[in-house]
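One chain, subunit A, links the two complexes that follow: it is found with subunit B in the first and with subunit C in the second.
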Partner chain A sequence: MLYSLLFKEWLKLKRYFAAVLLLNCGICLEIFFNIRQQMYAEHAEMVWYQAIHIHSLLYQDIRYVPLFTGLVLATAQFVPEMMGRRFRLSLHLPVSRSLMLFFSLLSGVMLYLIICGSTSLCIYLTLQKYFPIEVAQSSLSTMVSWVLAGLIAYFGCASVLLEQSWPRRVFLLLVFVTLVKMLYAGFGYGWLAPALPALVLLAPLAMFSVFDSARRFQDKGV
Partner chain B sequence: MNAIEVHNLYHQYNGRILYADLNFSIPEGTICGLLGKNGQGKTTLVNILMGFLKPTSGQCLVLGEDSHDLSPVVRSRIGLLHEGHLAYEFMTISQTEKFYRGCYVNWDPEIFFHLIGKMGLPHDQKVATLSCGQRSQVVLGVIMAQNPDLLILDDYSMGLDVGYRRLFLDVLHDFAALGGKTILVTSHILQDLEQLVETMIFLDSGGIMQIGLDDFMSSFHKYVFHNAKELKLLKDDVVSGFEQRGGQSTLYSFCDLGQVQRHLISLGVHAEKLSKVEMTLEDGFIGLMGKY
Partner chain C sequence: MIRFISRYSGILLAIVAMSYAFPVGFDKVFVQEIGSPLLFFSPLQKQFIYRESLGGHRFNYMNESGASYNRIDFESLLPFLYYKNLEKKNALPVHIDGRVFSKKAIKIGRQGLGIKSRHLNNHHPQIQLYPLFSNNPEVAVIPFPEDVFRFSDTAMEFINADSNRIDVPLTERFTSVLNTLGFVFPATVIGGKTTNLKPFDEGFFVRDSDGQVFHIKRVLDQPVIVKTPIDPKLDIQDIIVSENRRKEFYGIIITRQGGLHLISYDNYRLISLPVELYEPDRMDFTLLINPLYTTVVSSQAKTVSATAMDRNYQSFRTFELERYNPTSSLVQVSRDLLFPFQICFDNPYRGQADLRLQFGGVWALFGILLALIVFLLTARKKQPLSIRKGDFFLVLFTGFFGLIAISCLTRDESF
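What follows is the complex of A and B.
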């Protein structure tokens, strides 16, 4: 059963996964070439000054890509379920609703993390090539808040798509947009680093919103 | 034992009461047709029985469990056909089989591929590219390969031409012949149901009438007579339905010819050449429920 659930999600996600993975790789390459070009074209001191003293992020272009990635994956998974209310087919499978939904979300989250993990690694390796290890390491703590924003956006998008009532949809949208904006509020290296352990633990709780939307879908399935 | 039991069902939607106090049961091993005009709440009732809608109050038991809280084991014993032959359109035929094979312990791939084989379609064809009739066969294959004990079919005939409808009926007949299988079906094609169902539930204005097909067809009658005047006969103890087309009037009643004749005389209606004629289920449905 679990294999079947993962298989179904993979069928929905594979093309979109490949597309957003390519996009992420493309932007990583762009960042790599930009930094390399800067190192050749400008004095190293200038680049150092920009990167370290005025906290100009050299990988700024990737900032909203995790958010986009999360939204694309959630849309790819849940729009086909909502078209013609096909989610009813999933709800009738001989498995509990929570378990079915958990594995749907798990497959989306796993692919999201694979993409974001690869991207983070690319950025890390790029920075490591031209900067001291501390700068490369700080990119990870900087990007975690963006990755968390994408994760929250993924759960939010899934939750809004499954929700049947328009007032609740608007409410959920407001809540999730606020959460995402909060994670994007600061600039510079690792600005949210002190709160990251707590945020990493709290972010998966957004999943419960999806469970609640699914419950309401079943209760009001006219 | 009953496959489906509905007790004191009350449901309202947007302030409109759909069912005030609905009670009925469908014994195991029977084929029941749920009939009603558009807007009488057939699909809503099916949605409640399928567990996709929580009724305002009352109890619906499907295979002994609350329809809104069915255990996975009981769900595996129920085959559902959603209106419009709902299927995962992003899958191919073989992916559909592979997906459901992993979901159902009693899955029989031979049944699935036998039904698909009738259409001669390549197994790598996407469900989204199939015609409505072809998709109906895929959905039917999915349901039949589960080998369910209870089938709930919501408007299986929707969008199907006569060939696919017959094919669908053939499969349902074969399924019913296995014995011990219960089928609840809704359809707007009443001549199909006439060949299939044993009992019928007429749903009208929140109330129901449950009756065996043979009982209905033998106790409900269609009478015709000629009358030059324009008539308007309202429903009463004798007249269940009345329609007039040109000079010919048609009256539907549970009463025999003599009672109808006396009743018409008492109403001052001159019923020339009053006679009982053969009635189809569709005639009976119109006679009982009206046209609109």
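What follows is the complex of A and C.
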């Protein structure tokens, strides 16, 4: 049953997964060629100076891509479920609502992390090719908050879509927009790094909030 | 159980979001932010004078005795700072205490150094890679080196930017000299100016694992390294290098205890600045030198303190100015009443996120009490006792944040 659930989610997501993966790969390539071009056009030491001491992020173009990825995956997964309230069919499956929803979210999160993991690796390898290892390492601590923002956006989108009451939907939307905005605070590399251990805790909270929306969906009447 | 966890997860998220966004929004609407006052020691009045912002383009120009001035009079009391204005008025040279100061004398007698707490070591994210400029006595400009250096556990490594590989000969050259001088790897503090926009280059001051401070320069790609006599027991937080044509000192050492020591050109002798209150973690610092006096100004959240010294760095006058707060007490009370705490990332003394809970004043307790009353009046009796208890404690600890979150997320909830 659980395998079937994952397979159902994969059927819904595969085209969107491919599309956002392609988009991520495209932007990684663009960043790679931009950096290569900059290295050829300017003195390499000046590009290093900008990256290390001016705190210019040469991979800035990827900043909002995890956010977009999370929103696309959540939309692809939950908009069809809400059309004609099809989600109620899933609630009749012989597994508990929580388990069913957990596996739905798990499939989306796994695909999201595959995309973001690949993207982060591409950026890391690009930077490692042209810069000292410290610069590549700093990109990881910088991108973690963006990936986390995308993950919160994914759970937030799922939560808002599953929500049945409009005022509560608007309230949840504002809450998640604020949380995402919080994760984009600061500038330069590693700005949010000291706060990340605490901010990571937002992800499980956001996941459980989807369970609450699903409960209210069911309470509304299946 | 899962219902309990998911219910409070949503509520907690809402509280986090509100406690982050609401106080910031409130401040944007009601709180007026103004710049820090500018404090100087006037060589004419022999006392401190200051410019205090009142918001917008309104300023108070006053001296420490309370006399106020207009801008032009204020500037005329600081001839070493505004000497170009005097030049336009053909009022140079300046005569003070029987001494005459020409434009040239003023120019060569001036030096300024501003140190923001957020720029200090460990107060901002900094990749530990630095350019060591190669001094060439026959070249006027300072060319950018094609490599950066870092201190590993065993060597001072140079990485070439063109190849992105370690420059082995250069690395060996510098490491060998450092080893000969007894440098204990790795480095614990690295201080130097990483820009070539300076009159000349004095390289880097590096503290090793034993506390010894080394002065490292590069002349025509050869190491010029001096083991300085600076006391290794100094608990150095940062070394700020400031190349200046006066060539009185290389820069300043800041200790974790708030000690400020100039590193003089006289065989690295330290000149301790007699500043009573300086905390590097929560104060900015400015050093202003003119042909007659030296002034140190340290500023923190509520006050700005200044010490005037003679040219031998002997303190003879201090002054503390309370910062003007244009926010009315009604606004401050309302803020505390509404927001018992705030989640903050920004810290004026840090160059990176400093996550902390900032609690409101005593009025926050009244705000919580008010929120509890509203909660008790609106609580629904049909809710299970455990939920009501949980909600009660949530409002008790989070005030209106909790009340709003509970109201918005659990309204019409069925049990």
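The definition used in the following text is that the second predicted complex is superposed on the first by the 219 of 222 C-alpha atoms of A that agree within 3 Å, B and C clash if a C-alpha of one lies under 4 Å from a C-alpha of the other, contacts with A are read in each partner's own complex, and residues count from 1 in each chain.
Criterion: a residue touches a chain if its C-beta (ideal position, glycine included) is under 8 Å from a C-beta of that chain, and two chains touch if they have at least 3 such contacts.
Computed from a prediction, not measured in an experiment: that's the story for all the values here.
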So, after the overlay on subunit A, do subunit B and subunit C clash or fit? They fit
Quick check for you: in the superposed arrangement, does A:94 touch first (subunit B), second (subunit C), both or neither?
first
Once both structures are overlaid, the C-alpha centre of subunit A sees subunit B and subunit C separated by an angle, to the nearest 10 degrees, of 140
Does subunit B (first) or subunit C (second) touch A:107, or do both, or does neither?
neither
Just checking: does A:202 make contact with subunit B only, subunit C only, both, or neither of them? Give me first, second, both or neither.
second
Which chain, subunit B or subunit C, is in touch with more residues of subunit A?
C
Which partner chains sit in contact with A:219 here, subunit B, subunit C, both or neither? Use first/second/both/neither.
both
On the A-aligned overlay, A:24 touches which partner chain: subunit B = first, subunit C = second, or both, or neither?
neither
Please work out whether A:12 is in contact with subunit B alone, subunit C alone, both, or neither, and reply first, second, both or neither.
first
Just checking: does A:69 make contact with subunit B only, subunit C only, both, or neither of them? Give me first, second, both or neither.
neither
On the A-aligned overlay, A:119 touches which partner chain: subunit B = first, subunit C = second, or both, or neither?
neither
Subunit B to subunit C: minimum CA distance in the overlay, Å?
8
Once the complexes are superposed, what residues of subunit A are shared between the subunit B interface and the subunit C interface?
219
Given the complex, residues on subunit C that touch subunit A span 2-3, 5-7, 9-10, 12-14, 16-18, 20-21, 125, 127-129, 131, 144-148, 150, 159, 161-162, 164, 194-195, 345-346, 352-355, 408-409, 411-414
Contacting residues of subunit A [partner subunit B, same complex]:
1, 3-4, 7-8, 11-12, 80, 83-86, 88-89, 91-96, 218-222
Flag every residue of subunit A that touches subunit C in the complex, lowest number first.
43-49, 52-53, 55, 98, 129-132, 134-135, 138, 159, 165, 167-168, 171-172, 174-176, 178-179, 181-182, 185-186, 188-195, 198-199, 202, 204-213, 215-216, 219
In the complex, the residues of subunit B that touch subunit A are 13, 44, 47, 50-54, 68, 72-73, 75-76, 78, 80, 82, 84, 86-91, 95, 98-104
